[in-house]
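Letters A, B, C, D, E and F name the chains as they come in the text, with residue numbers starting at 1 for each one.
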Amino acid sequence: MIAHSFHGEIFGPAQRLHGATYVVDVEFRRESIAPSGVVVDIGRASDALRAILGEMSYRNLDDEPAFSGQNTTTEFLAKVVFDRMARRVDAGELGAGSEGLASLKVTLHESHVAWASYEAPLR
Amino acid sequence: MIAHSFHGEIFGPAQRLHGATYVVDVEFRRESIAPSGVVVDIGRASDALRAILGEMSYRNLDDEPAFSGQNTTTEFLAKVVFDRMARRVDAGELGAGSEGLASLKVTLHESHVAWASYEAPLR
Amino acid sequence: MIAHSFHGEIFGPAQRLHGATYVVDVEFRRESIAPSGVVVDIGRASDALRAILGEMSYRNLDDEPAFSGQNTTTEFLAKVVFDRMARRVDAGELGAGSEGLASLKVTLHESHVAWASYEAPLR
Amino acid sequence: MIAHSFHGEIFGPAQRLHGATYVVDVEFRRESIAPSGVVVDIGRASDALRAILGEMSYRNLDDEPAFSGQNTTTEFLAKVVFDRMARRVDAGELGAGSEGLASLKVTLHESHVAWASYEAPLR
Amino acid sequence: MIAHSFHGEIFGPAQRLHGATYVVDVEFRRESIAPSGVVVDIGRASDALRAILGEMSYRNLDDEPAFSGQNTTTEFLAKVVFDRMARRVDAGELGAGSEGLASLKVTLHESHVAWASYEAPLR
Amino acid sequence: MIAHSFHGEIFGPAQRLHGATYVVDVEFRRESIAPSGVVVDIGRASDALRAILGEMSYRNLDDEPAFSGQNTTTEFLAKVVFDRMARRVDAGELGAGSEGLASLKVTLHESHVAWASYEAPLR
């Protein structure tokens, strides 16, 4: 649940300071299921996502140095979540077997009708 | 899609400026269906709701004189939408037959897990 | 999934022959849970609902004698489903214990944003 | 996410040991909004619900002494959650202002098509 | 909300005149986010979709010359919406930056359980 | 609606006997729409899915010989449904035109926040 404002005529009234609830889904993909029978340790994956969202939640994103000079659109934030999750995967935070993850897809739902996703392979 | 902040320790991190998407449902009720077969003219009802939400959308509610000194919680905003819709019903804006409306229920969904409703009889 | 058209200027373009998917929920209510631990036999209740909807599905409701001269609005159809289900409850079709049912609520969802309900006590 | 089995022919194949995911909503109601602008402290309410569900989660309910001799139907479990939440409200666990709560409604969704609710006034 | 009928035994009772509500989603994709931070101008995209759906809404598709001799199945209509949106993208109706769109996916939800999608690259 | 337990510390409390409701979606894909205007005969596809799920429903999967020594995770079960559906497609059970199906995607929703999918080409 964040506040922000956008720059550019294309955004119309969203140029004013406003806000959004983002419901965030992350899809973890691999070629085949790990021996334990899972794609990812869902407990660790949930912890990682919670940590990433905690860095942004209940804030005015216009004041966040990390996003300075950026329109923090739903698309942009989907990529931010992707990048931060990918870094945690690379760092081994998702536990044994997570080196087998092939790609991620991050979706931010901003309302019942609008959402944005970012997907890409992992290194 | 609004920005706001709350006053009071009970709100924790939501004391900071943040924001929310509200998906808003209004339920119109009457004792029995009008002769035309409807409870309310859904076109006029949608127009009225759009106008009410337009007064709040893409704004920082902390700066709205109408809400000065108030925590604009989901519960509070549900009552605001109720009161404004009730006033429009009373003013006849919902068209022929709307004098037969008995009560309203307004629900604001703030996320996939949290919502608040306000319901009460009309005059 | 039915076709129909409406009479009256209030309906705008819905005066033309068009159609709708209705997703139908029925809520069965009683004062306290029956000894078996259920409110209603959900198998029998589902069969009854399926039979009721089967009488209307894949039809042009403008051609149904039962609805002659009526606008088959979502509100009207919610009452039709209510009445037909109430009749089946009264006839004992929902099995042992169903005489303890106190009221029903029938909801027809016509899209992701519009729905109508009809609720009333049972005899 | 629980396992259980039912006794009685009415349950058909559900007489065998099977299981269910329950998505649980609790609705807190009061006559008018508290001065802070909320109906209930949603943080404390969520903690209380998490504690109540934690007493049942990842278990075979057939082995729980508290439910001995009972069909742990969705209806029955909705009342269990209601009773346990009501007790916590009475004990003051939901914090300042919660003595103004008038009633609760607990809903357990067992699938995309079936759910059961239990609602009653609080003392 | 349209009426139609199908030809072919495979369609069973759907060979009769009936109807459907379609809830329509369009997914716009590009290799990387445009400098403004968006994938597409959501205002223009919504206007384009509204125009496309307006050409079909509240009609009996059996009477539409454009669909003559065709079963207007959910799959077929998903492709119709795709083709019409692709044409508008090519015509520049979606504004500056839309020439960077790589592909579209159109989904028509016909009920809570059935949907069809059509996806393909743009020229 | 099944019961099961998991082996391995990674599963925490899910090592105990518990259960789940799975809401199952199958996506059938082909390069282009069949002449009849459909991707697949939805009646036959639904019958096939119902048969496949019937082999698992209302059971304790720990007791099923077919899954002996396996963690019947959501991911694993998605592949089981995929394999069984693929076999039925190959056997011609989905009727005329189904030889044109190119790939399947099976999704099992285990709650409002967790799901797993398995997708692959058909032979």
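Criterion: a residue touches a chain if its C-beta (ideal position, glycine included) is under 8 Å from a C-beta of that chain, and two chains touch if they have at least 3 such contacts.
Bear in mind the structure is a predicted one, so any value in this text is a computation, not a measurement.
Q: Using C-alpha centroids, which chain lies at the maximum separation from subunit A?
A: That would be chain C.
Q: Would you kindly give the rotation angle relating subunit E to subunit F, two copies of one sequence, based on a CA superposition and rounded to a multiple of 5 degrees?
A: 120
Q: Same or different for subunit A and subunit B, where same means more than half of the interface numbers show up on both copies?
A: On the two sides of the subunit B and subunit A interface, the residue numbers are mostly the same, over half being shared.
Q: Taking each chain's centre as the mean of its CA atoms, which one is farthest from the centre of subunit F?
A: Taking each chain's C-alpha mean as its centre, the farthest from subunit F is B.
Q: How far is the middle of subunit C from the middle of subunit F, if each middle is the mean of its Cα atoms, in Å?
A: Inter-chain centre distance comes to 32 Å.
Q: Whole-Å distance, subunit A centre to subunit C centre, using C-alpha means?
A: It comes to 42 Å between the two C-alpha centres.
Q: Mind pulling the subunit B residues that touch 2 or more other chains?
A: Where subunit B meets two or more other chains at a single residue, that happens at 112.
Q: In the complex of these two chains, what residues of subunit A are touching subunit B?
A: For this pair, the touching residues of subunit A are 1-4, 13-14, 16-21, 23, 57-60, 109-112.
Q: Residues of subunit F touching subunit E in their complex?
A: Subunit F residues touching subunit E: 33, 36-39, 41-43, 95.
Q: Please output the residues of subunit F touching subunit A within their complex, sorted ascending.
A: The touching residues are 6, 8, 10, 12, 70-73, 75-76, 79, 114, 116.
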